[in-house]
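Next come two complexes, and both contain chain A; in the first it sits with chain B, in the second with chain C.
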Partner chain A sequence: MRLKFIGVRLLRGLLTLWFAVTVTFFLVRLLPGDPVLAVADPNMTEELRAKLLADFGLDQPLMVQYLDYLRQLVQGNLGMSFRQSLPVTEVLMERLPWTLILTMSAMVATVVIGIPLGVLAATKARGWADRLIQIGGITAQSLFVPSVGIFLLYTLGVLLGWFPIGGAIDPDATGFAATLSMLHHLVLPCLSLVLIQLGSYVLTMRSTLMEALGDDYVALAKAKGVRPSAVVWKHAVRNALLPTTTIAGIQLGMLFGGAVLTETIYAYPGIGRAIYEAVGQMDFPVLQGAFVLLAAAVVAANLLTDIAYGFLDPRVRTA
Partner chain B sequence: MRRRAALTALAAAVIAGVAACAPSTPGSGGGSTGGSGGAAATADRLTIGTTADVVNFNPLVGNSRTDSWVTNLMYPHLTQMDETGKRIPYLATEWAYSKDGKTATVKLRDDMTWSDGKPVTAEDIVYTIDTVKKEKFGVVAGLITAYDKAEVVSPTEIEFKLTRPDGTFLHNIGFWMPIVPKHVFEKAPSVQKFANDKDWVSAGPYKLTKVERGQRYVMERVEKFGPAPSGTPGVKEIVFRVFPDVNTEVLALRNGDIDVIANVLPPATAVSLKGDSKIKMMEIPSLGWAHLQYNTKRKPLDDVRVRQALAHAVDYEAIRKIALQGFAKTSNSSVLTPSQPDYFDPTMKEYAFDVNKSKELLKQAGVTNLSLNMIYDQADPNIAKWAPMVRDSAKQAGIEIKLQGLERNTYIAKGSKRDFDIYAGSWAIMDNPPANMALAFKTGGFINYAQVEDPKLDDLIDQGQRALSPAEAKGPIQEAAKLIHEQVYDNVLYVETFNIAHSTKWTDFKPMPSELLSIVNPLSLAQAKPAP
Partner chain C sequence: MTDTTATPKTATLSGSGLSAEPDPTPARRTWQAFRRNPLGVGSAIVLVLLGVVALCAPLIAPFPEGYGTDTSQPPSAAHWFGTDDVGQDVFAQVIWGTRVSITVGVSASALAIVIGLLVGVTAAYFKRLDAPLGVLIDLCLSLPVLPLMILVAALAGPSVRTLVIVIALFSWPEVARVVRSQALAIVPLPYIAAARVVGGSPLWIIRKHLLPGVVPVVGVSVVLTTSRAVLSEAGLAFLGLGDPNSWSWGTILHKAQLSGSLATAWWTTLFPSLAILVLVVAATLLSVAYNDARNHRR
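Moving on to the complex of A and B:
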């Protein structure tokens, strides 16, 4: 039963990945412009243009290009970058660790800060703390990464001098100092991502917990004389966490989206920036490769969430 | 208690995980994190900000600004440019044409070596130009159409044979063609596909030692570099740091994280930095110009009176004062700008902003309800500002201009297909009027966006190209510029004054015209030093 459940989820994940790959493949080719123009002089001869198109494989019919790409992908080959004349895997693998560090730390920080804030708001419902948290949560949802980024860089970086302006690490630091430098550089971009995401966690946690606090089992626990904090954290929060877990899965995709802007503003060398650059350069293979990697990460995270859900809540497993 | 221990373990695991995920950390020698920070600058390291990564390390392929800045420090050119745009020696010491103009001779320095110890010889130059011709590399290929073959006279002398007299040939290859090592590049099956992304063999004042894409490019000086004024570049290490967002880049300069911003700053940013005592602004002239080109193959733009009507419906002074905040000069509506002192014609007059004259011209042409589209790159901060001004002033003359701000790649594609009524844009470098005019205005020219076909103009440009010196070329080229003005084959709006910023902790940069050279050209960086 359990194996069948995992198998079905795995199959669904692969199907999602194929769909994402297909949509991306055709979407990048809908971009207006000509990738050859991004590589060579716009006024190149027809001969050179034809040669470049053939080199890039763009002279083939679209379906042939698509099947070739799928064949390459199955073999783990993401192709060659048009502009950099390098394997896409090499281009992206250099960037991937930075994006993982940024997004994962932002996600952990959001959960660690968001859940207690949601609990505080729910348990002090309609009090001043609740109102403050709600206003903050709604405001955070409407924040725009570049504005937040420049504001944080100017105030905490230039004026107060607490954090470096852009970059990911001090090039001269080695050993443990390098790790500290990396964490130091991580604070502002991570904070930006946390700020734009926090609202949905806090507000979801607040509403689901308020609902849970009105349930019969909570009334029973209170009647049995369980301490109020234990009632909240041991009984109600556990049940209220399930919808928040769902949000975490959905937010992962948004987090990667936010990383494009965050990495650009903070000069952070991750995949988001590689996407930003590849769009400008019409480097289809890099764009496709980056989207495949990100889609695979989101699918894998959702798969793990599904499986974890299945173990935590038997109703899901048999559904 | 148990829960607290678990939480502590989780936190430790996250930190350890983050540390474990850390990409390999570089660990180059001394110096500060980035720029000079709060301390006085030392000649150990100069950090330069740029908004883009190097895309391709192959200097014959790479065509972005950062590609040029980095590879210009690695691969020498035959000549370089001084502040006035005049060619001065670099790898070449002397150059001349034969009397019939069909042979060009170049003599080279004998003290240049590639970083692997092999000498830079005439063979490298011949290999480079033959490769450019064979694989038809971008700009240079378009400029050497007169080139036939080259002969190595000695390791330090070359003779170029031309199919026709071309006085622009040496000028063009000297400036535009980076010289690559034959013994390295010839091993690649296709130079176009050669990434040149490691084990660089170079001969410029600096050699590339470390690349961290998305972050920085570290270059170390070559201790013995003949063309540097003192024989050795002044700064030990040059670091290019990448800031995709210009606002972050400016904050980094203000914070002392970088010492120089290589790219040109938008006028509004330049104005905001003028009061900062820690920053010095340098103004350099552009070698190009901003312009409107009218598609002469489309009706009614094929009628010169309509083009003149459009030219009289632009408020040039307002564009320079408001959109460019004064960082622009008039070129008197001439393609021979003040940045070209050898060719500049002071008798030219700018088209007057006169809507009545514009209306009258349209009436004469029998054109009513004129409605045209105008394409431009929406990411260009200057054009995005003045495009609405062009629309609004034309409206006063009863002309409707529909603005089409496009994404850059779409804009390039449309321009390349000549799919527009009005093309709003700018040329980055027009360094040699006879050669540039041939590309921009001769029938079938590579960048003849207005699709001009005028035999008289073709003839004048040909005369200019055949001339073997600027003095000889000046007459026909000025005539050609007058014709372009009368026929409004190009409507030059202004020549921008570029703003380049650097920390006051550094001095002695040698600014050169155009953003491509700026203050990060090899000669400038070879002599820059910390301020006393």
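Moving on to the complex of A and C:
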């Protein structure tokens, strides 16, 4: 039973990934902006142009290119960057750890801050704390990522000078100092992502917990004389956490989008900054590869949350 | 003809639990409840004002172009929002930016809503298409949208038209999901079966019976989808994919990022940021107020 459950999810993840890859492949080839023109200069000699096109496989029929692309993708090859004479995989893999550090730390921080805030709002429903948290939550969902990033950069970075405003690490630092410098550089970009994500976690936690607090088992626990804090944290929160885990999966796509914008502001050397640079240089293989890589990360994370959900809630497994 | 369509329409709304008595009409009840909510009315006024600014931009400020003599000046009586690194008036940029940001937002969301309505209603009405369309919607929703938009916008070449199409192309699944779940609740209702029995064509049933029940839900999406589209446009423009010949709020931020004034001249980024914030918060509050007004629970 459990194997079948995981198998179905795995299949769905692979389908999503195939869909993402196929859509981008055909979009890139069929859109008016011709990638051939991006590599080939109109002033080039005919032989040089033909050689370049052959090098990138752009002279083949579309279906051959597509199958070729899929075959290479399975082998972990995302093609060559148009601008840097490097494989796209190499360009991106060098950047990936930074993006993972940024997004994962932002996610953990959001959960750690967001869940208690949601609990506070739900248990004090209709009080001033609840009002404040709700207004804050709605506003936070309306924030524009670069605006938040620029605001934090200007206030905490430039005016107060507490945190560095660009880069990911001090290149001269070694050992423990390097770790410290890395964390120091992480604060502002991470905080920007936390602020924009917090709203949906808090509001979801609030509404699911309020629902759970109205359930019979909560009334029973109260009637038995269980301490109020234990009723909330040991009984209701555990059930309300489940729907909140699914947000993590849904939000991940948005989180990566936010990372692209945040990394651009802070010159943080992750995938997002690579995307920004590739936009400026019209380096389509890098853009395409970055999307495929991020889509794969989202699929993998969704798979993990689905499986985690299945372990936590037996009802999902049988459904 | 008009009689037969009017009766099922009220049946739709009471049958699906959207609202209660046929008299006064549900739309009027919603309006009456909405009117009493100061937050909703205030947000609506703010949005109308932004629309007026967008329409009347040429009357408010000259189009910002060329080089000025006062570079990187903080806000003053002459330049309310200060000037940027080439001496252009930031106030004029924000005013003209309102025009492009709102144009792109409204057009993209209109397009997304049309596609979303079509797909959502089709999926709900034609049982055979439901599974594949449902999978398609889920697939599109689970992808990281911004990187995909970046790829397509970069390929198609930046222009207002590209931005509208790209944003609509990746915003419809959200609408389709909402429409589909609402339509799925309506399709099994007896009056749809009755319409089939009297020999109505699918197109007629969808247009006359299914759509009127779905439209109130889409009412909320219009505002939310527009504000999300404005955010998407700002994001793309911030990354340098905005229309190179016009100003949008994202373009102002992009120029500030390029010139490095975001670390030195706070006024170049604060005012466009505030404009985005005001629009999106007003849109969100308006949709919250509209939803509250539509639920006549109190």
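Throughout what follows, the second predicted complex is superposed on the first by the 294 of 319 C-alpha atoms of A that agree within 3 Å, B and C clash if a C-alpha of one lies under 4 Å from a C-alpha of the other, contacts with A are read in each partner's own complex, and residues count from 1 in each chain.
The criterion applied here is as follows: a residue touches a chain if its C-beta (ideal position, glycine included) is under 8 Å from a C-beta of that chain, and two chains touch if they have at least 3 such contacts.
These numbers were taken from a predicted model, which means no experiment stands behind them.
A.B. asks: Going by the contact rule set out at the top, does A:Arg83 touch chain B (first), chain C (second), both, or neither?
C.D. replies: A:Arg83: touches chain B, not chain C.
A.B. asks: In the superposed arrangement, which partner chain does A:Ile165 touch: chain B (first), chain C (second), both, or neither?
C.D. replies: A:Ile165: touches chain B and chain C.
A.B. asks: Considering only the touch criterion stated at the top, classify A:Glu277 as touching first (chain B), second (chain C), both, or neither.
C.D. replies: In the superposition, A:Glu277 touches chain B alone.
A.B. asks: In the overlay, work out which of chain B or chain C sits against more residues of chain A.
C.D. replies: B
A.B. asks: On the A-aligned overlay, A:Asp215 touches which partner chain: chain B = first, chain C = second, or both, or neither?
C.D. replies: Once the two structures are laid over each other on A, A:Asp215 reaches no partner at all.
A.B. asks: Touch test for A:Phe144: chain B only (first), chain C only (second), both, or neither?
C.D. replies: In the superposition, A:Phe144 contacts chain C only.
A.B. asks: For A:Ala267, is the partner it touches chain B (first), chain C (second), both, or none of the two (neither)?
C.D. replies: first
A.B. asks: State whether A:Leu153 touches chain B only (first), chain C only (second), both chains, or neither.
C.D. replies: After superposing on A, A:Leu153 lies in contact with both chain B and chain C.
A.B. asks: Check whether A:Gln288 is in contact with chain B, with chain C, with both or with neither, and answer first, second, both or neither.
C.D. replies: So A:Gln288 only meets chain C here.
A.B. asks: Do chain B and chain C land on any of the same chain A residues, and which?
C.D. replies: Overlap of chain B and chain C footprints on chain A: residues 31-33, 146, 150, 153-154, 157-158, 165, 264-265, 276, 280, 282.
A.B. asks: Per the contact definition, I'd like the list of chain A residues that touch chain C in the complex.
C.D. replies: Interface residues on chain A, with respect to chain C: 15-16, 19-20, 24, 27-28, 31-33, 35, 138-139, 141-147, 150-151, 153-154, 157-158, 165, 250, 252-254, 256-257, 260-261, 264-265, 275-276, 279-280, 282, 284, 287-288, 290-291, 294-295, 298-299, 302.
A.B. asks: Could you list, by residue number, the parts of chain B that touch chain A in their complex?
C.D. replies: Within the complex, chain B touches chain A at residues 14-15, 17-19, 21-23, 25-34, 52-53, 55-56, 58, 61, 63, 135-139, 141-142, 192-195, 197, 212-216, 218, 239, 241-245, 247-249, 251-252, 254-255, 257, 406-410, 412-413, 415-416, 439, 446-447.
A.B. asks: Quick check: in the complex, which residue numbers of chain A touch chain B?
C.D. replies: Residue list for chain A touching chain B: 31-34, 37-45, 47-48, 51-52, 55, 83-86, 91, 94-95, 97-98, 100-101, 104-105, 108, 146, 149-150, 153-154, 157-158, 161, 164-174, 178-179, 182-183, 186, 264-270, 273-274, 276-277, 280-282.
A.B. asks: If we count contacts the way the header does, which residues on chain C are in touch with chain A in the complex?
C.D. replies: It comes out as residues 135, 139, 141-148, 150-152, 154-157, 227, 231, 234-235, 238-241, 250, 253, 256-257, 262-264, 266, 269-270, 273, 276-277, 280-281, 283-285, 288.
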